[in-house]
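After this come two complexes, each holding chain A, first together with chain B and then together with chain C.
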Partner chain A sequence: MKEVLIRPELCMGCRSCEIACAVEHSESKNLFAAVMEKPTPQKRIYVEYVPEYNAAIPMTCRHCEDAPCTTVCPTKALKQDEITRVVTHSTDLCIGCWTCSMVCNYGVIGRQKEARVAVKCNLCPDREIPACVEACPTNALVFLEVKKLSGVKRTEAALKLARGMQGKAL
Partner chain B sequence: MKPKAYDRSIDPASRAMLRKAENEGIETAWDRYEKQLPQCSFGQLGICCRNCNMGPCRIDPFGEGADKGICGATADIIVARNLLRMIAAGAAAHSDHARDAVLTFKKMTGGEAGSYSIKDEVKLKALAAEYGIPVEERSKEEIAAELADALVVEFGKQEGPIQFTRRAPVERVKLWTKVGIDPRGVDREIVECMHRTHIGVDNDPVHILLHGLRTSLSDGWGGSMIATDVQDVLFGTPTPIKSTVNLGVLAEDKVNLVIHGHESILSEMILEASEDPEILKLAKEKGAKGINITGMCCTGNETLMRHGIPTAGNFLQQELAVITGAVEAMVVDVQCIMPALGTLTSCYHTKFISTSPKADFPGTVRMEFHEETAYEIAKEIVRTAVENYPNRNPARVNIPDEKQECMVGFSAEAILAALGGTPAPLIDAITGGAVKGIGAVVGCNNVKVKHNYGHVNLVKELIKNNVLVVTTGCNAIACAEAGLLVPEAAAMAGDGLKGVCEALGIPPVLHMGSCVDISRILLLASAVAKTLGVDISDLPVAGAAPEWMSEKAVSIGVYVVASGVYTVLGTVPPVLGSSEVTKLLTEGLDKVVGATFAVETDPFKAANLMLKHIEGKRRDLGLKP
Partner chain C sequence: MEEKNLYPTICPYCSLGCGFFLEIKEGKIAGLSYMPGHPVNEGSLCPKGNASTEVLTHPDRLLHPLLKTENGWKEIGWEEALSLAAAKMGSTLKEYGPDALAFLGSAKCSNEENYLFQKIARLLGTNNVDNCARLCHASTLTGLGKSLGAGAMTNPLSDLENSDCIFVVGSNFAENHPVISRWILRAKERGAFVIVADPRRTPSTWLSDLFLRLRPGTDVALLNGMMHVIVSEGLQDREFIRKRTLGFERLEKILSEYAPEAASAITGVPAGDIIKAAREYAKANAAAILYSMGITQHISGTDNVIACSDLALICGQVGKKGAGIFPLRGQNNVQGACDMGALSEYFPGYGKVGDKEAAARLKKIWAAEKLSEKPGLTTAKMSEAAHAGKLKALYLLGEDPVNSHPDSLNVRKALEKLDFLVVQDIFMTDTAEYADLILPAAAWAEKEGSFTSTERRVQWVSRAIAPPGEAKADLEILQGFAEKLGLGLEYRDAGEVLAEISRAAPMYGGITKERLLQAYGVSWPCPESGHPGTPIMHTERFNTPDGLARLIPVEYRLPAESPEPAYPFLLTTGRTGLHYNGGSMSRRSSFLLEKEPELFVEINPSDAQTMKIEEGNNIILETRRGSTQAKARLTERVSRGVFFMPFHFSGTNMLTGDALDREAGIPEFKVSACRVRRV
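And now, the complex of A and B:
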């Protein structure tokens, strides 16, 4: 199954993903209308600035295997699809207890203030590619299977190694 | 953990106010900066374009995404166009300021601005002579009327030259003409920037940049120079005078007016109105011991230079002044005024009064200023401040103790007068090696640099190495706050410079005015070059803007380089997304105008770059190292 995978070394911190995510989860799904909507559309991806390294790192739901948020959710508002592993959230069942936020290792479960329910990445079920990935101008976000990304990274690493070997031979 | 204030400013008064802000839960520019992090890298690199509505377009600097905008513009084209627009905005700001000064001058000659008069007749006649206006047996009003007309024409001129560009050394003017960057008219060049950067017009980075040089020259030797000279005629040419700076100049027991912005037309009248017996009487009735006018930013520099009015601080101290809780009115006109002052002043009793017909901010009391009724409006503004005095909450007042003496007012005329009428003694000191060269250090504050850290350390390093520093704008105020603008500061200078300063009784850092007054630095450099019979680019002179932030600073930087002065920038300009433009600015320009830019965020390393450049020029001139 494809996942939103992050290549933090490519992130420029432009926050385009955040804007696209909020627009996708708005009523209108249109930037110009979304900015005027109430409640304000909320993002589910967060570009975190790490000042020590002057780096911007996008953080979003990993849809963990055996996701702790679904295990602790007392009302089953958070559920994980057995096949796709996608963790979805039901606003109807959510009681806003934030137990999910407490156990999430990535801190990517947000809070919709007006409705007092959790908000989190649902992998944009209406779209072929999640909005954040589509919006990323540098491909710091990719929508791939882990296997595929590992393959891409292996090829890149191999190329670097090969270059190094050539340098040595010369 | 160190308190935040420590990392934000080197100035104790500012740190005290930053701590007060933190305790009171008040937000400042530094807090807002933190909320902006990470700043958009496309913007920082200059590779986003919003010039047409097919966009916004941006280029992926990693080469994975788009390498062209929708119209096909590359990173090089986008960066060059954006830079040209910054130059246009900066030149426009200075030149519009100049236009207002000239129009006031013209109204005065026509009797429509009765509160103003000619304060420097000698300069009036000198300017008239430059324009070929007869001065013999004519009244100063007649001369002024004709001069005002000639100056107004400079803005709308379609064919050059702009008269004051001819103050540059002959070699420089020849070079500008040869390269095709001699400006033709102030407004024309700015308008042409906007035309060229419209979609589908000028798309060659070199061609775009050359027009940038021409536009900036119309600012430095046009708009800015006209502003400086007309203000000198109207309000007097500065001569050395002593005063005090920093937030400590605010008074515990007086009505405090902070006049902030850029145009002397307003501030001069407020100074007069604050001495009105009726208003002074009212102040006493309200329980105040008097009226305390203090400056801020370049308005501060103007009133400091001409009248010795204390200055409360530079750009990043505007919010901090309000945070003292002791400001009855923050009176503003144009440029570098933070819209944040609206919300901030509402947290205190401070009245935020905006006066310019072209500038308004959220939360202001509007008291529009017009020359015809200048004095009356100024009096009303001061009255509003005075009436606000009883609203001050003494429990929230905390004025820092810090105030520092300074000696200011070194116009080019004043420097030449101090030298005995000619630049010869300065040149002797330079050729003899006592003074290695001249460093022109100018520019704004920027939250990306610890407040005043870049300014003060760069300047200290230069004077330590026997470089005489001339300064304007926020750097001048930073230097004043650090105690570098007093003759005693010569002790911090190298032996050679120290000797010269002691002999002349001057500080090692000379305050030449506000940011439009960088024109005065150009004139000083010209005077030295002409006496030596060389071009400005041959002189052991280097410039720096350690904490620059505004578009005006971009225009300034470019005209200083176009005038032949190597310039080091302390904050990174949004051009690095284009290797071609970056290379042009830091290398290519040398072949065109004999000077380049350098970017160095560490003030100590920046000073070294300047020293190296000065040493190189000394070698080329055959002077001893």
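And now, the complex of A and C:
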């Protein structure tokens, strides 16, 4: 399954992903109208600034294996697809009890104040590439299978090593 | 059936020229979608780009011409508005002569609009025409103009990817031009070494391998220090210096005074780091220098730019893939407004005012009998002239000097002194409040025309929707105004204006609307129609008469103000990731405003402690010009003794000074002496 994977070392905290996510989940998919909408459209990705390390780290739903949020949800508003592992949320079933967010290890289940329902990443089902991934200027967010990302990282590391060796040979 | 049409467009905010599609449904904006094929941004947009459509539908948009009366603003028709503007400018001209008129163009407007604007000024007999580039990159024009023969970015942004060493000085690109990080990070993935020199620890510095935290205003000392190391270790490119430059001996002489220890004493950067930076830069196969307003906005702005250029030249790092000088412009059409001659000392295409040949060519194209030979007033001098009662009437195109010029209280007073001020804009800005007449203009997506990005890429923007209310495209307004003045200037559309531009500005010679409409624009110089454009400049020769670059020695000079007992701190200014310039656009975006709602000042925690200032306290900052209130933000991002404020809120430029660079006339926004107290 493809996931939104994060390469925190590439993030510079610009927050394009947050805006793109909120717009994607608005009624109108248009930023201006989105602001006027009730309930206000919300982002599902959070860029956290860590002052001690001078770093910004994007956080979003990991669609965990045996996702704890789905197991504690009393109404089955949160469900996990057995094959794709995608955790989806149904606002119709949600009673806003907030239990899911209590057990989420990453704190990425937000709350829609006006409608009193949980809000979380649904991997943008209407899109080929999730909005946040497409928006990120630095490719700090990628939409890949975990195995693929390891491959990408290996290629990069190998390239760097090779360049280092070439430097020595010269 | 849902019918959505996609219109390709260019982001109206910063100068990178990112492309995207506007989604139009039933004549209205229905959203934006990404353009993965665009060579600058490959689809992605920064927060401002993502929020750009908010401007189009904002309820604050100006919808009718407005006339100031005793009872406030009165809506009037276009006919009346244009007649009035022409009558007032005309009578001022008759009574006081052409130099009592001034025209301030806009780096937000298209090439065609700026071209027409300066043409009107010059046909009326004055060179009092300028644009806000004077406040951000005038020093790039003069500095790089002198050393390379062209004050423009040498390579495309995406070429940064091919660099082995990227030296960033005075630019917080990660926040201000986030899309650039894409290319820098790609270079890093290939193993490039990134050096960032900045007084502040910014997101751009997080991405660096070496961070040089210099004192504000000491850039020349740093650059000379690096060159000293390069020359004394023999790392310079001797062949390049010999074949393609002039003046090395004189430069070398001056460098002897900038041994790393001496440079370190001035800049505060450890000598070892200066040596390391110099070696990394000089030894790279291809090295790039990227700079922005941290370099340009000083009284030594031109010197700073020249020092950057010297460094690149002695290492032979110009004119090839991955190696070049990248001045990052601020607004979407700073480059274009300058190319079009919306500058007091340059005609379109950078012919100097006063140069007979340049004037002769224009006279022919314009069928004009006479053009003034005396350079006009720059933006700052316009204020002065208004104060002195010499400047009587000002036509302001999409500019907000009250928020964006230094020493803003003084600017306000200057505007009050004018007999007549006409402001053409999309919003009621703080400046427009001073106008006698306001003309509502169209925003970028509501009109057509070409824009030139910071990498010299000329791109066409088509009209996607109609302007709101009675607002009109700037070109149409200017044409109407010119007609009332009896200047003629009949063009069918922007394409026809561009056709004239291609004759007036040689580097636009082969650029036509039809060509720009084919994929992603053309990079100038493009001298004739078959020419493919020039992504990388100076590959064979420089733009100087003999084709050689000039190495010019520059000395470190103290900023206009230094901290002293009465004003013990050093205030520097810049941008944040979520806002833009004077804020007339970005502060109207609720998404952006929500994240950065008010004016703040960054203070080092240990300074704050001595003054008993806590996080979130309201504090008052004072300089010799004025005082302003802001929220304290305690952070190690700034060093002790240095404060930082973003300039998107009206408070900031009350504080900044109006000391000017001798050659470029750019004000020193980056260094002011200040003091602070709690409210």
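As a convention for this text, the second predicted complex is superposed on the first by the 160 of 170 C-alpha atoms of A that agree within 3 Å, B and C clash if a C-alpha of one lies under 4 Å from a C-alpha of the other, contacts with A are read in each partner's own complex, and residues count from 1 in each chain.
Everything below uses one rule, namely that a residue touches a chain if its C-beta (ideal position, glycine included) is under 8 Å from a C-beta of that chain, and two chains touch if they have at least 3 such contacts.
Worth saying up front: this structure is predicted, and the values here are computed from it rather than measured.
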Superposed partners chain B and chain C on chain A - clash or fit: clash
Touching partner for A:E134 - first (chain B), second (chain C), both, neither: second
Touched partner set for A:V23, first chain B, second chain C, both or neither: second
Contacts of A:I109 with chain B and chain C, given as first, second, both or neither: neither
First (chain B), second (chain C), both or neither touched by A:A56: both
Touched partner set for A:K160, first chain B, second chain C, both or neither: second
Which partner, chain B or chain C, touches more chain A residues: C
Chain B versus chain C as contact partner of A:M12, first or second or both or neither: both
Contacts of A:L123 with chain B and chain C, given as first, second, both or neither: neither
Touched partner set for A:V47, first chain B, second chain C, both or neither: first
Segment of chain B intruding into chain C (one of 271-279, 487-495, 523-531 or 595-603): 595-603
Chain A positions touched by chain B in one structure and by chain C in the second: 10, 12-15, 51, 54, 56, 137-139
List of chain A residues in touch with chain B within their complex: 10, 12-15, 47, 49, 51, 54, 56, 137-139
In the complex with chain A, residue positions of chain C that touch it: 23, 29-32, 34, 36, 41, 43-47, 49-51, 53-54, 56-58, 174-175, 178-179, 181-182, 185, 189-191, 201, 203-207, 577-578, 589-591, 595, 635-636
Partner chain A, residues of chain B touching it in the complex: 37-42, 58, 60-62, 64-66
Chain A - residues contacting chain C, complex: 10, 12-16, 18-20, 22-23, 28-33, 35, 51, 54-56, 134-139, 156, 159-160, 163-164
